[in-house]
Every structure is written in C-alpha cells, then in structure tokens.
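Have a look at the structure below before the remarks.
For reference, chains read A, B, C and D in written order, and residue numbers begin at 1 within each chain.
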Amino acid sequence: MRPIDLLTQILEVIAALAAAPLFLGWVNQCRAWLQNRRPPSLWLPYLGIRKLFHKDAVIAANASALFRLAPYVVFGAMVVAAAIIPSMGTGLPFTTAADAIALVGLLATARVFQSLAAMDVGTAFGTLGARREMMVGFLAEPALLTIIFVASLISATTALPEITENLATQHLGLYPSLAFTAVAFTMVLLAENARIPIDNPATHLELTMIHEAMLLEYSARHLALMEWAAALKLFNYACIGFALFIPWGVSTGAGGPAALALSIPLLAVKLALAGVALALIETVSAKVRVFRAPEFLATAFLLAMLGLLVHLLLGA
Amino acid sequence: MNGVPFDLQLLNMCAALLLLLSFAMLAQRRVVTLVNLLAIQGALLFAATLLLAWRTGQHHLYLSAALTLGLKVIFLPWLLHRLIRRLEVYWDTEPLLDVSGTMLVGLVVVVFAFSLAQPISALASTATRSSIGIAVAVILLSFVTMITRRKAMSQVVGFLSMENGLFFGAMSATYGMPMIVELGVALDVLVAVLVLGIFFFQIREQFDSLDLHHLEALKESAALEPRADGEGR
Amino acid sequence: MELLLLIGSPLAGALILGVLGSRRWAPELNALVSLVTFLIACTLTIRVISAGNLLVAHEQFFIDPFNVFLVTLTALVGLTTALFSRPYMRVEMEHGRLSAGRLRLYHSMYQLFMATMLTALTTNNMGLLWVSMEAATLSTVLLVTLYRTAASLEAGWKYFILCGVGIAQALFGTILLYFAAEHALGAEGVSALLWTHLNALKGQLEPAVLGLAFVFLLVGYGTKVGLAPLHNWLPDAHAEGPTPISAVLSGLLLNVAIYAVVRCKVLVEGSLHSALPGQMLMGFGLTSVVLAAFFLWRQRDIKRLFAYSSIEHMGIIAFAFGMGGAVANFAALLHMTVHSLTKSAIFFAAGHAAQKAGSQLMENIRGLITLSPTVGWGLMMGALAILGMPPFGVFASEFLILTTAMREQPWATPILLGALGIAFAAIFGRVQPMVFGETNAKRLPHPPALLPVFAHLALVLALGVYVPPYLADWYRAAARLIGGE
Amino acid sequence: MTPLTHSALPICLALLSLWVVIGLAGLLRPQSLAFVARTLFPLGALCGLALALLAGLTLGAPAERATLAIGLPDLPMHLRRDALASVFLLLLGGASAGISVFAAGYFRRGAGTSPGLLCLQYHGFLAAMGLVLLADDAYSFMIAWETMALASYFLVATQHTLPEIRRAGFLYLLLAHVGAIAILLSFGVLQGGSWQFTFDAMRHAHLAPHWALVAFALAVFGFGAKAGLVPLHVWLPEAHPAAPSPVSALMSGVMLKTAVYGMLRVTFDLIGHPTWWWGLVPLALGLLSAVYGAVFAAAQTDMKRLLAYSSIENVGIIFAGLGLAIVFGSVAMPAIAALALIALLYHSLNHAFMKSLLFLGTGAVLHSTGERNLGRLGGLIHRMPWVAWLSLVGTLAMAGLPPLNGFVSDWLLLQAFLFTPQVPHTFINMLLPLGAALVALTTALAAYVMVKFFGVIFLGQPREGALAQAHDAGILERIGLAYLALGCFVLGLLPTYVVGALKLVAGQLLGAAPARLEGPWWRLVPLPGRHASYSAPILFAAIIAVVLLTALAVRLLYHQRRRRAAPWDCGFGSLNARMQDTAEGFGQPIRHIFGAFFAMQRELPSPFDRAPRYRVSVGDRIWQGIYVPVGALVQRAADTVAWLQQGRIANYLLYSFVTLVVLLALVL
C-alpha cells in the first residue's frame, strides 16, 4: 500500500463529504435556470444542514431507539460507500474490504434502516413512504446489480477499482452492452435518489412523495444527517456512474501525485456536467404516478438484463 | 355302443341323465321340483357308485354309495322339503335371464367343460373316463344355476348339486377319494346343510322372506354423502 | 405327540365350552385353553428347531419350517385375541347385544375355529386340508351372524355361499391332484394325497392336469384369501362379525388360506416348469392391491376400512409369492407375520373405539386421544404400522418386496407404489380425525385393557429394526422350502 | 484431538441415543413442566451443543464407518461419518441447541399433547435427523427419514383440536410419504444391479446414463418434496405455522436441510458423475421457488406463514446453488463448482440460524400477545425490547445485508454465478447471468419482506389495545434468541474460517483437493486469483467507526437538547393506529406487480358502505392447478371402481365364475 493511495482514499472521503451538498445545490441551480426561476444560492444545502444542527430535536413520543439510531447508520453507510467508489484513484486500500456487490449491499442497508425508522413512529405517511421506498428499492437494486454484473463480466472482476482501471486503461472500444446499461443506470439513479419522474424532491405533496414522507418525523440533527446522507447518496451514485461509464481521468495503478492532482478537477468537471444533465432530465420529464413507478424500474431492470445478453452475445 | 359292456353303458346312461338333470334344474322355477330333481340326482349318483363298486370291486365304494344314499337321497331332500313347508317358499321369482337364454349359456358351458375334460380323460385309466367331462359340466352348470337364482333356497340347491357334481367327478376320475377324505367331505356337507337350516330361520325372522334382494344392503356402489368434516381430502 | 395335543386341546376346549360356555368364568376358561394351545405350540416349535421336521400319525400330519412358524403365530394371536375378547365380550353382554347362549356358541366356535386352522396348517393330506378349510368356514359363519342384525345375516350368507362355492372348486382341484398323483405313482390310495409324497415326485406329475388343478385350487382357496375379484364376501364378513372374530379372520384365516395356496403352488410349479402359476398369483395380487386401494378411498365404516386393507396386504403377499425367489418368499413370510400381528392389533383398538362411540361409522368416532389415550394411540400406531411407516416391521417386508419387484417385475413397481400411496391417503385421512380432534363424549371411567394391542405393536416394531437370527434362518428355511433357491 | 478423530462416530451415536433417552425420560412425569421443560430440554440443548462441537472439531477427520447388528437380516445398519455429514451435524447440533433452550422456556401447560409426550416427540425428531445424516445404507436411511417425518408430524399436530391443523398435518405427512416413496425408488435404481443396498455398493455401482438420470430425477422429486421446492411446496406454508414455534424453527431451520443433505449425498456421492445439464433442473426449480417464495411471503398476513414462504425462497436459493455446482462440476471446473457448493452449504448454515431466530421471535410474540395476524400487532419494540432487538438481527441477516451472515452466502453465490464465461456451453453462458439477476431480485424482495415483517410486528403503534399487556420473553427464551443471534454475527463476521471448513466438504464431494485459503483471516477471496474480495470485519468496523465518530462529533460540536412531542398529524385530527399500513397494505405493491402469481379474491367496499371493509385473500394457483384436479381424479376412479360391488350375491358368483373360466381358458 503506497502512501499516495492512502492519500487518495482520505481525499476521496473528504471530497465526498464536502462536495455532496454542493453537488445537490448545483443541480438545483441548474434546474432553476432551466425553468427560468431565480436560482437559489449554491450553498443553500450547507446552510440548511447547519441550521438543522443548531435546532432542538423534536422526537415523536412513541419513537424507539431505532428511530434515533437510524440517521447515524444511514449516514455511516453512505460515507463508507463513498470510500469504496474510485472517484479519483483506483489504488484505494479500503476497497479490498468490499467489492461492488458489497457496495450495493451497503446501499441496501441504508435503505432498510431508513424504512424501518420511517415505520417506527407509525404515522400514515411514514409507513406509506417506507412501503414505496422498499418497492422502488426491490426493483432498483437488482437492476443496479445487473448493471454491475455487465461491467464485471467485461473486466472479469467484481472489485470496483479494477473494473474502472480495466475500462479506463484498455484502448478505447465501443461497448454496446454498456450503452444499454448506461441508460438503465441513469433510470436507477433517478429512482434511487428520489428525483423526477419517480419522486419530486421539491414537493411535500403527500400522495406522491416517497423520500420526504419518510423524513416527516425527523427534525434537527437527525434530519440534518438524513439530508446529508441523501446528498451523499446522489454524489455516490454519480461517482459510480463515472466509474463504470466514463472512467477516464482517474489516477490508475501506477499513477503518481500528478495523476491524482489531474483527477480532481476532472472529477469536478464530470460532476458539473452530470448536474446539468440531471437537471435537464428532470426538467423535460414529468413525474409519473406511483403505480407507474414499477413499470419505469422494470424497464430499467430489463434494459440491464438486455445489456447482459448483448454482452454475452457479442462478447463486448 | 357295441363292444362296450352293458354295465358301462348303464354308467354312461347315468352320466347323461345327470347332465340332463342339471339342465332341468337350470330351467326349473318351482323350488319343490328343484329339490326333487336334486333327490333324483342323488339317486343317480348312488346308482352309479353302486355300479362302479360292483364293477371294480373296490369295497370303499360301497361305503360311499351308502353315504350317498343316506345323505343325498334321503336326508337332504327330506330336510329341504321340511324347510320349504316351514318357510313357505315354493316359487322362485323370475330369474335374471330368461329360460332360453340360460339354456344357451348352459350349452356353451357344456362345450367348454368337455374340451376342458379332454386332457384328463385322455390320461384316465378308469372305465368311466368319458364321464369326467360330464362331471365338470354338472359343476359349472350348477354354478350357472346359482348365479341366475334369487331365492336363497334355490341357490342352496344349486350348491348341493355342485357337490354332487364333484362327487361324481371324483368317482369317474379316480373311483373316489381316500376314505378319510370322503368322510370329511360328507361331514362337511352335512354340517353345511344344518348351518343352512339355522340360517334360513335367522334370515326369515329377520326379513320374513328368503328373497335375496333383501341381502343387498352391504355394498360400495351406494352414493356417499359428503363426510361430516371434509378432512382427508 | 405335541402335534395331536396341539389340535386336541382346542377341540376339547370347544367341547367343554360348548357345554359350559355361558358360565361367568367361561371367558377365562377360553383364554386358558388358548394359553395351553400356545404353550404346546411353543414346545413344538422348540422341538422342531432342535430336531427338524416331524411326520406323525401315518404321515397324516407333519411339521416343517413353513407351517411351524404359522402354527406359533396362530396360537399366539389366538391367545391374545382370547385375552382381548374377555373384557370386550363382557361389555357387549352389558350392552345387551349378546345373550348367554350366544356367548356359549361364541366360545365353543372360537375354539373349534382354532382347531380347524391348526389342522389345516399341520395336515399333510391335501384332502384333509380341504376338509379343515371348509370346516373353518362353517365354524365362523355362525360367529359372523352372532348379532343377528340384518347386516350381519347378509354378511354371513354371502360369506357362506361365496366361500362354499369357492371351496367346492378347491375340492375339484384336489380331486384332479389326486387323479394326477394316482396316475403318476399307481394306485397306492391314501398316500397319493400326502403333500410330502407329492412334493417328492412332483416332477412326474402330469402338467396338463396339474395346470387345471391349480386353477381350481387357486380360485377355491383364493376366494378365502380374498383375492380380488373373489374378495366380495370379505369386507362384509369382517365388518359385521364381533371384533375378536374380525381380528382372527383378518389376522389368521387369511394366512391359512394363502398357506394352502402356496402349498399347491409349490407342487404345480414343480410339475409345470413354467412361470404360469406365479404369474397368476401376481395378477391376482396386483388386482387386489389396486382395487382395494380405490375401495379404501370410499369407506365410512371403520372395520370395513381395515378389512379392505387386509385385501390390499393379501394382494401384496400374493404378489410376492408369485414373484418367488429367496428374497421375495422371505419377505412374503415376514409380511404374513407382521400383517397378522398388526391387523389384529388394529381390530382390537378399532373394536374398543367403536364400542365407545357406539357406532362403527367413522364420522361418529372422534377425538379418541382425549376419550381414551391408549385406544387412540393404539389405533394411530397400528394404522401407521399397517401403512408401512418405518420403523414398523411392515415397512421392512414392503421394502424387500418392492426392491425385489424393481428387479423382477419393474413394470409392476409403479402400480404397486401408486396403490400404496392412494391407500395411505385413504386410511390415514380417516384415522387422523378419529384419533385426534375434539369430542363431545366424556372421558372413560376405566381405561380398556389394551395389553394385546401394544404387545403386538411392540413385536412388529421389534421385527422392523431387528429380525433375530434364528427367526431369520427359520424364514430362510421356509423360503427355500417354498422354492426360493 | 486424535482420540476424537478416531472415535467421533461412536460419540455421535451416543449423543443421539442420549437424545432418545431424554425424550423417554419425559414420559416419567409427563405432566410436570418443571421436570420436562426446565430440566430435560436444557439437557437436550447441551447434547446438541456437544454434537456441534464434536462435528466441528472432527470435520477434517477421515471418514469413519460402523455397522450395527440391527436392521434387516441381510442388511445390518451401516453408519458413516464424513465431512459432509459432519457439516450437517454441526448445523443440527448448533441450531437445535439454541432452539431447545428457547423451548425450555417456551412450552406452557395447555391444550393438546402433554409436555412429556411432546418432549419424546421433539427429541425423537432430533435423533432421527441425526441418524439421517449418519445412515450409510438405504434401509436405515429410510427408517431415519420416515421416523423424522413421523415425529415432526406428531409435533405439527400438537394442537390437534383445530381442523385446519389436522388438515395441515395430513397434507404434510402425505407429501412426505410420497416423497419417501420416490426416494426409495431412487435407491432402488441406484444400487444398479448389485442388489446391495449399502451406500458403498451404490458408490461402486456403474449406472447406465439414463438410469442415473432416472435416479437423479426421483431424488429431486423426493427430496424436493421434503425441501418444499415448488411445485411440491404446498404442505410447507400449512405445516410450519401449525407447529409450536420451536418446532417450526426446527422444521424450517434444520429439517429442510436434511433434504439438501440427501440431495448432495445422492448427486455427488452416490451417483458421482452427473451430466452437466442435469444441473439445470435444480437450478430452474430453485430459482422458481426462490422468486415464488419471496413474492408469496410479501403477500402474507400471518407472520408464521410469511416466514414459511421465506423458507421456500431460501431453499430455492440453496437448490440454485446446487444446480450451479452440478453444472460446473461436470464441465471440469472444480474450483468454481466448489465455490457454488460452499455457497449453498454456507447458506444452509445461515438459514438454520436466522430462520430459527425469527421463528422463535414470532413464538415469543405469539405467547405474549396470542396473535399471529400481522394486522393486529405492532409497536412491540417498546413492550418486548429483547425479542425485538434480537429479531432485528435475524431480520437484517435474512434481508442479506452486510456485514451479517445472510450477505456472505449471497455474495459467494453471486460470485459463482458470475464466473461463467469459461463454460464450454454457450447456452449456459447465456443462462447463468440471468440466474444471477434473478438471485439479485430475490435478495431485494427478501429485504422487502423482512422490512414488512419487522416493521409491522415491532414498529409503529400497537394496532390492538390488548398489546399493551404484552410482556417480554422469559430468561431462557432470551438466552436461546441471543445464542442464535450471536450465531448470525459469528457466521457473518468470520466467513474465512467457515469457508475454510466448508472447503473440506467440497473437496470430499468434488474430489478436488481443497485449495489452501489465500489471503489473511480477515479477507475473503472467492477464488484463488480472483481480485474481488470481501472483508466483513473491516467493513463492520468501518461502519461502526463512522457511526461513533459522527455521534461523537455531533455531541461535541452541538447541543443535545431533545423534546418529546406527539407525532406530526398534518394538522387534521389526531393520528390513530389504524392509519398505518396494514400487512395487506404493505403487500399491495407486490400484489400489484406480480399479480400473475396469485389467485386473488378481493372485496372492495362500495362508496356508500357505512362500515367499509376491504378484504383480500391470496390463493396459490399451483394448488388449484395441480393438487385439486389430482384429488378429483382419484375420487372419480374410486367411484367408478365402486360400481363393481353392488351387493348382489349373484354378481359376485358371476365374478368367480368368469374368473374361473378365464383362468381355465388360460391353462388350456
């Protein structure tokens, strides 16, 4: 384990923690522009989180310890996940502890805890949100796994850094299978992060919301952690996307400080572009009814499996 | 029939008559007459046994002839007549098959019986080998009789005539069985008839009739009503 | 000597009980006589194990491994049944279903029946065999009608006529046998019907005649075995008689009948040198198993149910003997043993159950386990045993029979297994609600004496996990005798 | 150690017979709970623990044989203990220890079977399962197998006064018996002409390929019926809920695994060299069962039925692994075959612990609330914290979440699935990744099911007033639950050791020498030379660390002020318990998406109903499609046959006559 790798590892986690809200803010800003609204401040998420941390926590009378434990677990899972995803370099020492499948498992853990916490108080919205979240989850998770299978079949490993390295270093080739999976991945990303067309982060319209419904009972620091975790989740998904589909620019195997230094601005650029794209999608598409959500996700799942088949057929 | 000694002719005559009697039983509807026919059958059997005994000079045959006389000619008919009088069963109801049909079946059966007896007669060393076929025929015919009857009494008569057929078969094939067996058989027949007597009275007091259609309650083909609790399905 | 005592003691018992059978202590006397018979049988067995086969009374009687174990079994079950009938018949008297006179009839006929069966088993003379078989029918016919109900009379009548006619066929078969024998070894009269002699020179017997003889014998004795389609008297007779009689009919008489069939088969096979007799037996066996399985599916009367199960098992045994060979014969003998033990035990339990419920209809019998645990468990265990559930002995024999069938007659295996499956569903589906479930009847004051049930079941269980070597050798010897080289 | 390795088998036997003795001892004072439950059951638990330890220690020891003097005259009872048997003995002993301790506190006096008899049946059940694993000839195997079925049947029928329980018991025993018949036939084929029914003879018998196939198919049928493989699963959701909870735990956690054991024994040990495409059968059936079970579990409203269906799902996953192992093993890829085999064995172990844990949890809930219907539970985490938090462990494990044990086996299985490109059959290359996708779907569904299970029972507001009186489990029950939960953690956090042990079995079954484990103890590498790795301890530590750090940071940087208040009711009225999702409501998306699976009847209230009620019942298409028609067919056949017997003596005479004539014509 080289010191540079350790450095990369630390940098990545810090970057994730720091930049996640920023990314969220950026996306919101882009959306505002595209919708001809005055954009909110880029730092708004930070301010919100800071404010929440200062507030008094109000907890439902019949909330159990699980309710208060959940935010920490969710947040922790997201941070650990951030440490697994090679967003800057592939020589991450920690990634030996968990491969892509474990990463999906981590995300699932976060989801389960969030849903359980939402059911804990026993309000109509909490359970409703939990149910919908799990519904989205059990369709999105296999889709995500299948996407990862394609990538790992291409590079004969399930370790995320090696997939990235593999895809980044070999000569630029076209992978039709990856085209399919890229689309599928985008859909999963939208669904998992409660974006339009599955959910609308900007509204509290009861009948349609999923993610917000689960957070209704949370306040103050717990809510702050949840929000932050949500931002991290979006950030992580974006990074997974980069790692799988546009891996170029991360500092690979023997890459020294220079490569690392180069990879950071590249990451920023990717994120910026991703934010624009996300905002664009959310602007042009309309939110679907909850009943339609399964179809949307099933499509994603099928696309992923299609990608799998294409890969097996064409060997690419 | 030239070349065949006279007594043998007589024997064959008896055999033929036995067959005729079985046909008569097959056709006969009156219970009393049935019993009489049975008695005549017994008498013929007695005669045949006597002839055979005299011809072959086997002494145990005399004994069995005596048995036949006592049991089948005198005792059983007497008993049956008595039962009939006590129970007032004179007529059998219409058989399941009409007379001509029964006769036709009987004919087929006889042919079958003869072809059946062919190999046996071929081997038999006895003088009466030719009548084995008739014995078989008598057995099968009384079987048919039992099948076609509805009154308990006439079924019994059929049963007894079957015993007669067996006896005749034993006679004509092997000049009778060993003594101990003969005695045993005779004893069994005797007991059987006694048991029958008891039976008739029991049935009578139960159903005040000897018509067998009373005795058709125990069967599987009855439609089952659904079981109390629908378990086991 | 023991042999004559063996037959003599029940005969004497029959005479004595014929006179004193209505006394208060008559049941005990009955049991005592059976005990004596059993003891004699045991001494006889020991004697045979040590000294080998016996031939006595001018060779009219003989003992070889094949019949000696049946003799012991018969005496044993006879004893336990007498023990069981002691309280049972008393209760029947109290319920007013029996008069003293009938009880006397019952006792003396019971002993007579024992005597006839023992004679049939031990006689060396095919003619005497026939006589005693007929006598067995006659002695039980009046027992079947003991209750004088309409149903019992009908049952008795059918029993009498069908078995009478059947047995008549057997007589003709015997005559043909005698004829063939005489033809083969000249007119030496008496000895021509002795099985030992016939067996000695079965090779010379005339095949054509023996073929015919076998058909008559098979149809005749097969009627008493209850092989379908000759079985129609069996369910009625077994269901309508008093329970002890059902027990001995199912447990013993069927064995004796099949014993007779097998004796004949040995001779015939010896002379025919063809598989025809075996095939006939197998055909009868399969038909019985399949038909019985389907009949079982519709039963509502508890004793009828188990009567049909007897038909099924007789079918299995017939099939096994039909296959022949050392293993199959061995298995068939084992199956005869365990079946008669289990089935009589079941009838004991079922009798008590019906007595408590006051009805033989199964939907009136419920929740035995709360009503009287011993009866409940007895019935449940018995049913499971008869269904071939390990570790009971029935499974052991069925295991051997099935595996042999896979080798000898693969085509028949699926049929057998299917029938067994259906029988399982049928019987178990009816026994379970009788044993378990709730009942509105009140718990019994005194538990019934079910020692015989559990004694039998224990034996069956023991046979399932361990067949003692001497018993095994004994079975092997018998199997060899029957022609499993 | 050495003395152990040479005398493990006798000790195993001694322990099994000790179980029997304990059971019989229960008859001494059948009515005394203090004696039976508080004394005998803990003894049984110790016995199980000893068995587990012994099996674990002697796992690597060479196989031992023994021959007892009992059995059939020509077929004395053969016994054999090898690595495969040991693993399952470990499973049996380990899981049953916890279950017995729980049972000691669980059994109360009540209706149904008396405690003493229950004790006999329970320990007889355990001993029979042990004997199944040790049997080395067809006869003793069948005896043990059927005794196992019988004992469990009686345990299922404990509450025999309820008709539906009797029905469940009947269905169970019937299917078990049919399955046993198939197994018997399979052995009959396997002996391959030697007519020796010892397993050794079967090992050495050379079967023609088609006969081997027949034997395999029969085995799949027979053992599948016991394992609850679709479409032979119908008994399982009836029988498991019917039994008392410790028994449900035993049946679901341990007994189903004996079927897996039998499958492995027959396929790899007795048949030896399966053809590659045979594997597709268990693979397909397994995947079908997995999805089917998960979907139905999500739709259940009875907590024990839910767990029963989830057992079907897990058995499905195990059989899928079996299929993989067969495929890879027969195309000469022993390493990956071993991986699949390890995955399925691992999953069997995991399932034994987590499913027992959950069943016992439901048992505790059942006892304190008398309620099995999810619709009348809720909020129990406040009333019974022990049960709730321990069950949470099982829930997470069952949902396949890292770092608990459920995830490890899933991970191994997926690794095995993903290693197909080298398979020489393009067909399989196509198929297996799709299978992987299905496994992923199943795992995700399992998470859904488990959230429903835990959330509806333990979280939210109590749906019934009576739940306020619920009390937590007793001390013995807690010990049992804690033991099993600990098992989940150990299996989850130290996978390298478990895999190392399981490799021995793989070596025995596939003939491949167990490759030395590479990498340090804390890192699990699926295959030598694979760069994917998973380290449960580190991952766990990392999460804990981050959580603690965050908590610490929050505590240091900010205040800890906290207020309790009524939950937010959106401004209208006060919230009540009926506003939360019911079990039906939680299952709605599944019913919506997988509607094709169910035969649903729904009663929708009309808008004018005074008291609107929504009712939905979910039926099983397979039951209506296969079992009902078969029953009807037999019934019709029986009715037809019954026509033969019309009670007319004349007909009977006619039968005899015809028979006579026909036979005579035959011999003529």
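The criterion applied here is as follows: a residue touches a chain if its C-beta (ideal position, glycine included) is under 8 Å from a C-beta of that chain, and two chains touch if they have at least 3 such contacts.
Remember, predicted model here, so these are calculated numbers, not experimental data.
Farthest chain from chain D (centres taken as the mean of C-alpha atoms): B. Ranked by the number of C-beta pairs in contact, the top chain pair here is A-D. Note: centroid distance chain B to chain D, computed from Cα atoms, is 68 Å. Distance from the chain B centre to the chain C centre is 29 Å, each centre being the mean of its Cα atoms.
Taking the mean of the C-alpha atoms as each chain's centre, chain A and chain C sit 79 Å apart. Chain geometry summary: the mean Cα position of chain A and that of chain B are 100 Å apart.
Annotation for chain B: residues touching 2 or more other chains are 116, 143, 146, 155, 215-218, 220, 229, 231-233.
Annotation for chain A: no residues touch two or more other chains.
Of all residues in chain D, those touching 2 or more other chains are 163, 166, 170, 635, 641-642, 644-645, 649, 653, 660, 664, listed in ascending order.
Screening every pair of chains for touch gives A-D, B-C, B-D, C-D. Listing the residues of chain B that touch chain D in their complex gives 96, 112, 115-116, 140, 143-144, 146-150, 155, 212, 215-221, 229, 231-233.
Those residues of chain D lying in contact with chain A across their complex are 378-379, 381-382, 392, 396, 399-402, 407, 411, 414-415, 418, 421, 429-430, 433-434, 436-437, 440-441, 443-445, 447-448, 450-452, 454-456, 459-461, 523, 530-535, 538-539, 542-544, 546-547, 550-551, 554, 557-559, 561-570, 575, 577, 579-581, 585-586, 588-589, 592-593. In the complex of the two chains, the chain D residues touching chain C come out as 69-73, 139, 142-143, 145-147, 150, 157, 160-161, 163, 166, 169-170, 173-174, 177-178, 181, 184-185, 188-189, 191, 195, 197, 634-635, 637-639, 641-642, 644-645, 649, 652-653, 655-656, 659-660, 663-664, 666-667.
The residues of chain D lying in touch with chain B in their complex are 163, 166-167, 170, 631, 635, 641-650, 653-654, 657, 660-661, 664, 668. Contact residues of chain A toward chain D in the complex are 53-54, 56-62, 64, 66, 72-73, 75-77, 79-80, 83, 94, 96-99, 101-102, 105-106, 108-109, 111-112, 115-116, 119-128, 130-132, 134-135, 137-139, 141-142, 145-146, 149, 152-153, 156-159, 162, 206, 216-217, 221, 225, 291, 294, 298, 301, 304-305, 308-309, 312.
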